[in-house]
Amino acid sequence: MPIPTIIKVDLTRSPRENPALHNRYHPDIPPIAAVKPGKTFKVECVEWTGGQIKNDDSAEDILNVDLTQAHYLSGPIHVEGAEPGDYLEVEILEIQAYPGSEWGYTAIFDVNNGGGFLYDIFPRAAKTIWDFDGIYCTSRHIPGVKFAGLIHPGIIATAPSPKLLREWNKRESDLVSRDPNRVPPLAYLPYPETAHMGSLKGAKAMAAAKEAPRTIPPREHGGNVDIKNLSRGSKTWLPVYVPGANFSVGDLHFSIGDGELAFCGAIEMNGIITLRTKILKNGVSLHGNQRNPMCMPGPVETRFSKWLTFEGISVDDNGVQFHLDASLSFRQACLNAIQYFKRFGYTGEQCYMMLSAIPVEGRINAIVDVPNALCSLSVPTDVFDFDVLPTDGGHLCRVTLKPPKMDEEETPDPDVERRLKHKVFVKHDSFLKKSHL
Amino acid sequence: MPIPTIIKVDLTRSPRENPALHNRYHPDIPPIAAVKPGKTFKVECVEWTGGQIKNDDSAEDILNVDLTQAHYLSGPIHVEGAEPGDYLEVEILEIQAYPGSEWGYTAIFDVNNGGGFLYDIFPRAAKTIWDFDGIYCTSRHIPGVKFAGLIHPGIIATAPSPKLLREWNKRESDLVSRDPNRVPPLAYLPYPETAHMGSLKGAKAMAAAKEAPRTIPPREHGGNVDIKNLSRGSKTWLPVYVPGANFSVGDLHFSIGDGELAFCGAIEMNGIITLRTKILKNGVSLHGNQRNPMCMPGPVETRFSKWLTFEGISVDDNGVQFHLDASLSFRQACLNAIQYFKRFGYTGEQCYMMLSAIPVEGRINAIVDVPNALCSLSVPTDVFDFDVLPTDGGHLCRVTLKPPKMDEEETPDPDVERRLKHKVFVKHDSFLKKSHL
Amino acid sequence: MPIPTIIKVDLTRSPRENPALHNRYHPDIPPIAAVKPGKTFKVECVEWTGGQIKNDDSAEDILNVDLTQAHYLSGPIHVEGAEPGDYLEVEILEIQAYPGSEWGYTAIFDVNNGGGFLYDIFPRAAKTIWDFDGIYCTSRHIPGVKFAGLIHPGIIATAPSPKLLREWNKRESDLVSRDPNRVPPLAYLPYPETAHMGSLKGAKAMAAAKEAPRTIPPREHGGNVDIKNLSRGSKTWLPVYVPGANFSVGDLHFSIGDGELAFCGAIEMNGIITLRTKILKNGVSLHGNQRNPMCMPGPVETRFSKWLTFEGISVDDNGVQFHLDASLSFRQACLNAIQYFKRFGYTGEQCYMMLSAIPVEGRINAIVDVPNALCSLSVPTDVFDFDVLPTDGGHLCRVTLKPPKMDEEETPDPDVERRLKHKVFVKHDSFLKKSHL
Amino acid sequence: MPIPTIIKVDLTRSPRENPALHNRYHPDIPPIAAVKPGKTFKVECVEWTGGQIKNDDSAEDILNVDLTQAHYLSGPIHVEGAEPGDYLEVEILEIQAYPGSEWGYTAIFDVNNGGGFLYDIFPRAAKTIWDFDGIYCTSRHIPGVKFAGLIHPGIIATAPSPKLLREWNKRESDLVSRDPNRVPPLAYLPYPETAHMGSLKGAKAMAAAKEAPRTIPPREHGGNVDIKNLSRGSKTWLPVYVPGANFSVGDLHFSIGDGELAFCGAIEMNGIITLRTKILKNGVSLHGNQRNPMCMPGPVETRFSKWLTFEGISVDDNGVQFHLDASLSFRQACLNAIQYFKRFGYTGEQCYMMLSAIPVEGRINAIVDVPNALCSLSVPTDVFDFDVLPTDGGHLCRVTLKPPKMDEEETPDPDVERRLKHKVFVKHDSFLKKSHL
């Protein structure tokens, strides 16, 4: 008996026409499908922006992307018997690219339209297209790299209860209010204009949309956790907040590096995911009343034997010392890695996108050796088709790469400059400081 | 031809009598040994406190430990031909416990004497003794756990130049001055009273000690990086700042978890390390002018097939939203893990020390999904001799553990209470905030 | 641009009607498709018997299977530019079950219709159905087992030259002539009656069929190598014997154990494989003039941390000593493993099929310690959902399994007994001896 | 409390003077030490020939080695409470080279003094010295290779009962009697002249020596299993035949490849092993009455990501077809691998020794596809410091190696030729045939 597909998508039509998709969380969005625990089923998913990005060599679409539409998720799916307080176990049995759509993209968002972890250094939009060859991917925009995807959904999320939803809105608007004009913003608040509330229509939909949290951050219900190891064969345990759990899934990635440095740093794709659910009754209280989900990686991850590890400490670019700031330490490790790979002929932007997409490991190695947290970024060296290890004399094992024109060295862009001129551009250190005010 | 031991220690005597040990960094500390690149040699090392901690069931020694003496390092070692600007490659060929000293310890420091990552929750001193059985360790204080050590040196460090030393002192004292009375302190500044300057003696030693940076934090020269994968077979590349590199090594650990949650969270031990060096001339500029060292893990790490992953987001214990704060997200992941393992009968303190010592992975999974960074703590489930996976009904696979008396549930300790009463006790959130003022 | 499918199959029709399938090797079978090196393409494949086996609970179809029809392969495929003496590199980019056909089977052939490695002990036909749940499979006939498939093609083969074909026929008929009436036969010689010669028809097809080697054994051109690690991401290098290489692929397996003990011991399935070719000009002589293909496993194999290893030596069931006989040693290791797993409640036949299908490792550990070769069978213990490790007191960690009725203990079957009565039933030892006369 | 060393050796004295060593199996050899189950202890071991081989560049000592003295084992060790029918669990907690003796050797024995798996092709004595650098080894005789040792004891064995001993002698002398003059011999029978019976002396020792089985082959009690994965952290379960088990250990190897092709193919060394025992009462019958031991590899094996796999089938060097002969198939795979590596400039003898010593995997991939068994040899490519993968055009990634003079191409040696002339030299195919008469 073939495995049933309970949600279908049509890549040739707008995702907004599809009542089995939605781009906001809200308990009032009715389930579009129902499943029994223990039964296997498939769900089709569109890439997170709903088809705004094209397989071409221009980053124009990235520059102008409407992020308020993201993420288009498939669901909600009602699980028979799930009740608040239970754990919903979701097992990922298989994930594949959507047939005929064997490609994905990684992008740097413009600082004025989303930004990314290193937005102050890479403020301009850029795009990398990846072609899928079965389990492998390569890119015409980043030559010399080939690796097997650790395909996963960026997002699996149960529907929030009204109470939880209010908590989220409260705490996130409190944060934004600390620096409401910041670019990029400190958080993304409800934005009803582009909300797609699934099969909820009319006034009810508009009312819900006004308070419906955005899908950008991970939260207590799971959401955009972007865990690269949540791939084939993995399990995740999500708290249930409404009867039936009403969970959604989407934001499929062919691969991602820990950190997802470039915000749109994963390899975004359309695809199909095969799932099975199970309910652990009263699971939340029986497993320690954790505030966040648990998960368990699958058994078929790529085997790498060599990793090159870059380190960072809690001292900012200007030499100012911070206290056990893992975010800052990780930034330094990333900057070190980018510096390293640029010497092979890659531009900074290529390095930034590459390290966002390949399955790098981002670690918090030590969070106690005051005042420096030690974080690291480890790069599996086998993804390169040339030798990238340090060498005596620093000589390179192959001639300089010739990157395509689109990936020029990060020279000042007059347009970006102009737009930035009228703001006090927020340097990383001060941005971090603000975030804790 | 046997491998020569270039530095020896005597565990029956005070480390302060041994001129081949030192506990501060300074370019004036003369090298105590010299090696040629390409030659293999052994170095004996004492545990970081220099023998202050005993193999017994009382945490009294931890409560009263003199941290100003830490870390006793072996060296400095002069490497022939190394010059400023070079990379010193150090390959770790073997590490073992000191013969006859096949045990180690993990500890929670008292909040008034060092603290740790979760000092506000676990403010009292506690200690766990681990016994080594070849590659494995077990503890009478944490029953049910057995795992192979990923033995490594917490510290390998080249000597700083006078200029670099001044930068460190400047930036760290700037940090301390933001909250000079904080407990625990924001950083540890030079403290000549207990400095051991190796073979440097008299007035010169005293002068150097006054400006000699402490060994607690990792810095540009390596230092206390506490990378668990810097084990057998690994390599690290350290910038050279003085002729001969004058590097030191120490702080050996039988095992550590990413994060080293409990400050003294590794399994501290006496031991012997086998090393070989190589010089990459002008390596720093030839490999991208990174600000921090690089390293490469060895090929013989323990193979685990199952990991249970706990997640955390940038919302503090009181529900306040922070912005992409990886330290806070990691804290939440750790707290979730502790909650989970307590249900098997472990006390919170046992969980805290256990998760500090076993080779857990601490990851920064996503640092871009504003406002939440997603961090995780992954625990290899095979270190437990019972099944720790989530179960339907939450039932346990074995009867409740009976921990030894020393590891009581973290009830208020009158003495701690008294000491804490006279300070505004710094909650985690505010502490983090302060760190960025 | 979607990946093109160059060969299609229709599971509802007889494979004999499909000119893109064939079940014999011969240089005269015309290529049915052509590819350029470097281009990715898909090939659909039917399971090896061409649909003779049903997804039900009876082994009747196995008992009566027409093995002379096996294997139905997809091809031949012409590779532009390939010439005799080249290596054809075939990279396996992806393999999946045929959509809607998410199941497979493992079987024991009757001793009078194929047999298997342990045909003297398990002479009766038996069948196990496996259901695929994404990357995992389970069986209603072997409860308690679940594992991820290491999907692979049993067969990839270039077309033989006329000369090579004659060598094969000569040496194999020489072998058969040593014991022409042996049951099972020593080898399978050309059998034109059921040959399917692809698009070759009429007299030419009949002429070719009379001398066309069967597909059962692996040979110099690759063929039925049944290497479990020739899975996703792997590469194989096959010698080219005719212009265009004219290679074929088929016999897809969801999983197999080293040895494929039960002849039909893999999990046989219909499926789709994604391939890419490359030509290494004059590759055979440039890489050492090897007599057999080379290959390289892919990077995404299942990660297991625990293996239980069973050993065997070159002493047969009756205590007779042989000399460095790896086949016999491996038999003993397999028998030991079967004995071990029977104690959990499995029948011998269940054990035999289970160890054929799960990804066990069969090793030749020592082939020099006269007179005993030491071979072993290692079983990954994580495929069981209960603890199978040795225990003090031998107690089991779960109650006895209740296998379905079909899998009764191997009691004498009157019908088998009758059929066997009229032959001198060949015991393993003598069979092996005969093979070397 | 330091771990006690219960057996010591003195490398400067003859092993024959040490009553804690012995080189034959016999129940009358008294235990030289006793241990309690659950207690950890150390045992020192000499290399298998007892010091006959020197760390130099001549193979003279290999040519003239007295193999009748091998293997010098440490023991027997009495385990309190062990009784016939129990399983003795031996856990290997650590193994190291003997301090000051950080080197080992791999050798090809002369065909007239031991031979090896490929004795017809490599009939001359040769020797390779390996230097240990912590976990790694390298050789001045095989440049370009470096890898981490998977240190293990070739032999752990319980003492046989008188009955079992008689069975062994009977079956092995039966085998020898089939071709008593064969060179090398089909098996090694008791040889009292050089027997070292431990602390058993005088007439009793001589009587026992006359019937004491040699230590060359693995048997039901364990013995010379040469399993490369029986390394740090592993467990083995051995049947107990006499009260106290009286087990012995020795033949330590720094590394070995599956197959141990060159007989003395492991890296033989002096060393120290740390063990712990446990008794599973009535373990043999409770775990399925297996005829051979079980074991379980440890968790810290070297992580390799790339393997190059060579294949072989049951067709001999002259094109004669055999029936499912795994030994022959494995021979072909080995010959293919040797051919492949010779093109990098290694001599055949270097390849033969190299593939004996590095941790290659020897697999029985399929034992049912009549008439060909498919066996393979997989080589981890990361042990080479240059790229050994197949390349387009077959070009090499580095200039030809310059092997030391000792390792000349295998040209006919007049002396060997002379010695061989007077025997009917047994070619591999006929030898295999004889072995099954």
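Letters A, B, C and D mark the chains in the order given here, with residues in each chain numbered from 1 onward.
Just so we're on the same page, a residue touches a chain if its C-beta (ideal position, glycine included) is under 8 Å from a C-beta of that chain, and two chains touch if they have at least 3 such contacts.
Since the model is a prediction, treat every value here as computed from it, not as a measurement.
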item	value
Both-way neighbours, i.e. chains that touch subunit C and touch subunit B	A, D
Remotest chain, subunit B as reference, centres from CA atoms	C
Contact-richer chain pair (by C-beta pairs counted) among B-D and C-D	C-D
Distance between the centres, which are taken as Cα means, of subunit D and subunit A, whole angstrom	52
Separation of mean Cα positions, subunit D and subunit C [Å, integer]	31
For subunit B paired with subunit D, centre-to-centre distance based on mean C-alpha positions, whole Å	42
Junction residues of subunit C - those touching two or more other chains	299, 303-306, 382
Subunit B contact footprint on subunit C (complex, rising order)	303-306, 382
Subunit D partner contacts - residues on subunit B that touch it in the complex	2-3, 40, 92-94, 96, 99-102, 133-136, 148, 232-233, 274, 276, 298-304, 382
Subunit D-touching residues of subunit C, taken from the complex the two chains share	87, 89, 116-117, 167, 171-172, 174-175, 184-188, 216-220, 224-229, 237, 258-263, 265, 278-283, 285-297, 299, 305-313, 315, 319-327, 330, 332-333, 335-336, 339-343, 361-376, 378, 389-394, 431-437
